[in-house]
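You will see chain A twice below: alongside chain B first, and alongside chain C after that.
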Partner chain A sequence: MAGFLARRLLNYVALIVVATSLAYMLAASALNPRSNYEQRTPPPPPAVVDARLDELNLNDETPLFQRYLRWSWGVLRGDFGRTVAGDEVNADLARRAGVSLRLILVGLFVGSIAGVLVGALAAVWQYGVFDRLTTGASFIVLAVPTVVLANILIIGAVWFNDLVGAQIFLVSGETTPGLEGGLPAQLFDRLRHLVLPTLSLSLGLIAVYSRYQRNLMLDVLGADFVRTARAKGLRRRTALTRHALRTALIPAATYFAFTFGALLTGTTFTEKIFGWHGLGERLIDSIFTNDVNTVAAISCLAAFAVLLAALASDLMQAVLDPRVRMG
Partner chain B sequence: MTLPEEQLTEQRSAVAEAGVRVPSRGRVVAGRFFGSGWGRAGFALLAAVFLLAFAGPLVSPWSYTDKDFTAFMAPPSAAHWFGTLQTGADVFAVTMRGMQKSLVVGLLAALVSTALAAVIGAFAGYFLGWTDRMLTWVTDLLLVLPAFLILAVMSPMFAGGQWPLFVFMLALFLWMVTSKVVRGMTVSLKEREFILAARFMGVSPTRIIFRHVIPNLSSLLVVDATLNVSAAILTETSLSYFGFGIQPPDVSLGTLIADGAKTASYAPWTFWFAAGLLIVTVLAVNMIGDALRDALDPGSRRSR
Partner chain C sequence: MRDEPVLTVSDLSVTFGMGRGAVHAVRGVSFDVRPGEVLGVVGESGSGKSVSALAVMGLLPPNARVSGSVRLLGTELLGASDKRLADFRGRALSMVFQDPLSALTPVYRVGDQIAEALMVHRRLTRAQAARRAVELLDLVGIPSPEQRAMAFPHEFSGGMRQRAVIAMAIANDPDVIICDEPTTALDVTIQAQVLDVLRKAQHETGAAIVLITHDLGIVAGFVDRVLVMYAGRPVEVGTVDEVYYRSRMPYTLGLLGSVPRLDRGEHGRLVPIVGNPPSPAALPEGCPFSPRCPLVVADCRSAEPPLLPVRHGGHLAACVRAGEIDGGDLPPERIYRAPERAAPRPVHAPREEREVVLGVDGLVKHYPLMRGAVFKRRIGTVRAVDGVTFDLREGETLGLVGESGCGKTTTLMEILRLVRPQAGTVAVLGRDISALASSQRMAIRRDMQVVFQDPMSSLDPRMTVYDILAEPLRTHGRRDLGPRIQELLSLVGLEPRHAARYPQDFSGGQRQRIGIARALALSPRLIVLDEPVSALDVSIQAGVINLLEELKERLGLSYLFVAHDLAVVRHIADRVAVMYLGRIAEVGAVGRVYDSPMHPYTQALLSAVPIPDPEKERARRRILLEGDLPSPASPPSGCRFRTRCPLFKAIGEAERLRCVDEEPRVRPMGGDHGAACHYAESLDVL
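The block that comes next holds the complex of A and B.
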């Protein structure tokens, strides 16, 4: 067992190293930091530009492999280099990681719980009004890309604010800058900023999870062990939650790992459109500003996050399924 | 003593049925597909979208490169059916052009990615051993690489009519999960009698994979290809939205939606036509995929 685990972790580390190196090579050869200086007026002398690019390890006249070696030596010591503006990538990303994490965690929490709940209820009332409504709604939501959904939410919120004549939903940023007031006012302000991005992130998750959970639950509802639970005198609610839902959750936990990658991409769009200063926003900006080191660092983080999600789904499966723990 | 009798009755019934035309599998599946409401509605919607995208520009007086300097940001009218943009471009013409691009990119990317998934999954599952380990590792690597970032970084290479490269890169990040499923099914298929028979007759492994393994997974692959169309359209739109996909002067639904979103509050026609048609297209493709799954495998309605 220990050997299996060690091999698996080693494989994960190898995957992260190769994925990050590939991302660095691709970014370093496709992006051109020199063009940032060419657009300035007056254009700085070439020698100054070269010296600056050399200092940042971004000079395209240095062979790619040499740049890669210098970069990977830094990464081995935990330093992802500097941005095109000369700031430390580590400090910049650490500040932004918190913003993204808050958004992802709230979105994931709301999305998975609501999705599982909607799916389970739809299965219990199969072919009822609720089932038909949620099936139709999830089909439509699955056809709307995050970028369109986010914009529809913003348009809807602006329309609603105009209608009631007050700023109920706030569509830009995480907090209102320079807001006076105590802790409750601050929290309320954050909440108003959080509603729309969370919706844009979790509606898709709810649609996916509810479809999946509904089908899993339908399989379980007809199973013998649920009938046995009812027959031995458990109330319907207890039998459904303790026996049926728990069993139906196990495959959904595996599915979690697959949706996590999509969630990361969805967060990127949501942050950019709603003006949250997180990792996703930095990712899109860094490609526009030819920021090679930041692009490589973010792809390393993304690879790490995807594998962490795979590990988490394995663990969740062990918690939910006694057979995995015993065997 | 019952065995010969059974064989005899089997032969008799076979002779009796020889005159009756047995419906082919294609006819049965088509019958089931068009028998379901989802299938009919999805097919009709997609056909309408295709007709609109490819026949619409023929009857429209404007082309997507035309600019009407007498009407900027004009609402829909008889001259401009969907209104005009800030530049004077006709919204109907550019939306149809964007839809053509999205449909073609989506269909091609789905075909390429499903083909990749089938071949790689089948080879990994059939040969096992080192082939399997290598291919599975590559699959995992592509799952770990952030697809959006790689495509975005490569976007300058897609400019100047290089969109086939864009289609290929899009497909390269869509095949992994299906290939894992195909691998698993190939492993169990490999032990079936007809594969063993072919192997002992000396048929080469490549031939077995292409003639016997992949055709037996066709129902999975058909459904997967359909769902990949919508996945590819959604990815293409998102990339183009941020300026990383289809490059100007060409247009795609993503670039139109990005421009339209800025002006949507006071000029709704710049946003809603493109967004609405995108949603209808993806919805139609998803409905067809769902109906196809039920038609190809009637038992799947319960198990999935």
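The block that comes next holds the complex of A and C.
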């Protein structure tokens, strides 16, 4: 098992190197940081611009491969270079990764648990009222773009706040700036900020997961081993959770792990609309500001996240499924 | 035996769906079982036997509507809450299902699953339950039960899983065990082991058993009373001797007459029941058997006959003419007539003078055993076929028999591939297949055709019967197909005007006839048949076997007949080759091999097959093999059968050395009879 893991990790590292290098080259040749300076009024003298670009390793007159070598040497030492504004990419992204993680982890957790529950119940009551309602709701959520969904949530929250006459839901940012109070007050404030973005993120996940889990559950509901469990004397509900759901969770869990990787940079809309300054927002911004180093660094993080998710999914499968463990 | 019944079922009916589309799967089943009694429920597929069992257990899906009464130990179970039923299930009433491969939850250890059955009903600590689970595994004959209890289901063979399911069923000393086709998915030697375990379990618990099966042989040897079902209703009930020897319902008579018998050598035609069992969604008026019954009279079509007592106590039959049959006016042997032979049996030259149609010599097929999901590496070799030699002569049927994993299907596929084997030679119609040009290969394909096991999946559902039959003809450049296709359809007993229909419009037996017609299209000389009747019900199977025999005689065909059903092979084959772990254990004329088998494996195999004759069955001695088939990736040294061989255990230390060191070759036992055993001796096992 250890040898297998080591080989797999090595494989992943190679993949990350290739993906990140390609991303850097693409960004460095497609984006033009020089234009940032040309648009200024008055435009700075070319010699000053060149010097500044050289300092940031962003000069398009330096051969691409040479820039790549300098960049990768930095990356090897754990330094992703500087942004177009001259700040450290590392510090900026570390902060933003924290923001994205806080948003995604809660969203993913809520989304997967609720998705599994909704899907499993819909399967158990196939063609019943609950099944029909959740099927309809899922398709509506899937059909509505995140932008619209998030704005509906905001409108709803504002209406609710007005109705009760108090700021229950907070619709912008992660914290209230300048809030006084101890740790409990801070936490409560964060929670109130978290509710809406989490909801907007997890509603989409619930819609997808519940469809997926419903089908998996339907496959095992009629399985012989569920009948055996009931023939042993287990109540229907116990047999369904302990035997059917447990078995149907195996493929679902691996799927959850994979979505985590994709979400890390895929929550752009949610971040933008709710004013969370995370990685997704940064990726879009950096493309607009011709920020080559940030684009490359985020691509590297994304590649890392996807492969970490793949590894997690393998491990999860091994933990959940004895047939894989043995083989 | 004659106490109060533990389980009384009366007028049980099950309906799926509503209104006009409603399917009446079970229509008034009544029976009772007393403590320690075994009740057999027999019937063909769709007769409602499994649905009845699930209805008794309360495990039918919610869309089933159940009426009637099921009383267990005086308590009504129908309509009881899930909580109440759960209290009975597994404690007083337990069940063994058909498919052991899917009956255990794949993600829990076998020991834990048995312990769970204990802990639902009793106050036991986890440790106590685990200990009891190990005892139960030991009771059902699982070797080294402490370790095996820690294993997951996929590490168990089919036979072992069924033992584990039985352990679960007897865990709480139930009063009634319902076994739904408990051995249908198992090989015959494993079936004998499992039936033995069931008998032991019954002895241990004193439970009543309801045994549901389609196998008339198992019923004959295992049960006290039998209930025959047809179209959702019992049509005959009585003690096993009454029902088998004095059947009073034409369906029972037909069923018993249509089974090929392991103990009967003469090559008479089987007696099929005409037509097909009715669909439960569209039952005929009156007696549901009337469209197929040879004794049908006008009364049969007016009303469904009730189940009434015939002369002997406790023997009931649902037939308006049961009285006449019982009174001797209609001698049972004259009700069904064996079909007449179309032509007298052809006279063949002696075997040695006939041409060898298929010669296989030292055929080998090994598969690499790979491991790892990303980085594959070879960790061994599966010796699926490991040096098989036999020949098939003109006008002959060679039955290739053996249990699953013995390599019979691989042998057949290697022959059909028509490419150079890994080792050994295959010669079809005198030509060695390893040196064929593609045009010659095409010519051989015309002379050698195949019929597959599953009549559902071997016919393209999007092609009409005409297209299915025309395809081989077109491929080989035949023109003017119409008349040939008409001819083929009438040859296999189908209506020529049905050529425009699709496979889905035909029943299983008819589809298999289409498969046979397709094989015959190019007038081949050799037909390879892979389990051609094992997917069919007995009453249908008889008709297909008769057809195959008749075609062989009329068209001068030779058959290589691969099957696991030894009774069918005895009936249809001239010679038989018994395979074990990729090698031939015994080969010879059917009469010789069945009447005086020489190889200990053949003896065990034949003794394990139940015969549908209660008196004979009771008198027989079974040779029970220990354990499962060893893995073909690591066959035992020397004789492959020695690890399970009863003879190996009986002989002396010095003689055993030879079995361990030297692999026996097939040696002649007189005539063309041969067995691969150093110490072979004849034994009568029928």
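Keep this in mind: the second predicted complex is superposed on the first by the 307 of 327 C-alpha atoms of A that agree within 3 Å, B and C clash if a C-alpha of one lies under 4 Å from a C-alpha of the other, contacts with A are read in each partner's own complex, and residues count from 1 in each chain.
By our rule, a residue touches a chain if its C-beta (ideal position, glycine included) is under 8 Å from a C-beta of that chain, and two chains touch if they have at least 3 such contacts.
This one's a predicted model, so the numbers in the text were calculated from it and none came from an experiment.
Participant: Once the structures are superposed on A, label A:V208 by its partner contacts, choosing first (chain B), second (chain C), both or neither.
Facilitator: A:V208 sits against neither chain B nor chain C.
Participant: Is A:R7 touching the first partner chain B, the second partner chain C, both, or neither of them?
Facilitator: A:R7: touches chain C, not chain B.
Participant: After lining up the shared chain so the two structures overlap, which partner does A:A30 touch, if you call chain B first and chain C second: first, second, both or neither?
Facilitator: After superposing on A, A:A30 lies in contact with chain B but is clear of chain C.
Participant: Please indicate which partner A:L170 is in contact with in the superposed arrangement: first for chain B, second for chain C, both, or neither.
Facilitator: neither
Participant: Under the stated touch criterion, which partner chain does A:L263 make contact with: chain B (first), chain C (second), both, or neither?
Facilitator: After superposing on A, A:L263 lies clear of both chain B and chain C.
Participant: Which one hits more chain A residues, chain B or chain C?
Facilitator: Greater contact footprint in residues on chain A: B.
Participant: Go through the superposed model and pick first if A:L153 touches only chain B, second if only chain C, both, or neither.
Facilitator: neither
Participant: Would you sort A:D224 into first (chain B), second (chain C), both or neither based on which partner it touches?
Facilitator: Once the two structures are laid over each other on A, A:D224 reaches chain C alone.
Participant: Report, in rising order, the residues of chain A that make contact with chain B in one complex and with chain C in the other.
Facilitator: 11
Participant: Okay, in this complex, where on chain A does chain C touch?
Facilitator: 4, 7-8, 11, 222-225, 227-236, 243, 246-247, 250, 320-323, 326-327
Participant: List the residues on chain B that touch chain A in their complex, please.
Facilitator: Checking each residue of chain B against chain A gives 137, 140-141, 143-150, 152-157, 177, 230, 234, 237-238, 241-242, 244, 254, 257-258, 261, 264-265, 271, 275, 278-280, 282-283, 286-287, 302-304.
Participant: Would you tell me which residues of chain A are touching chain B in their complex?
Facilitator: Residue list for chain A touching chain B: 11, 15-16, 18-19, 22-23, 26-27, 30-31, 139-140, 142-148, 151-152, 154-155, 158-159, 215, 218-219, 258, 261, 264-265, 268-269, 272, 283-284, 287, 295, 298-299, 302-303, 306-307.
Participant: Spell out the part of chain C that touches chain A in their complex, as residue ranges.
Facilitator: Contacts found on chain C: 57, 59, 61, 82-83, 86-91, 94-95, 97, 99, 102-108, 116-117, 120-121, 152, 154-155, 165, 168-169, 171-172, 371-375.
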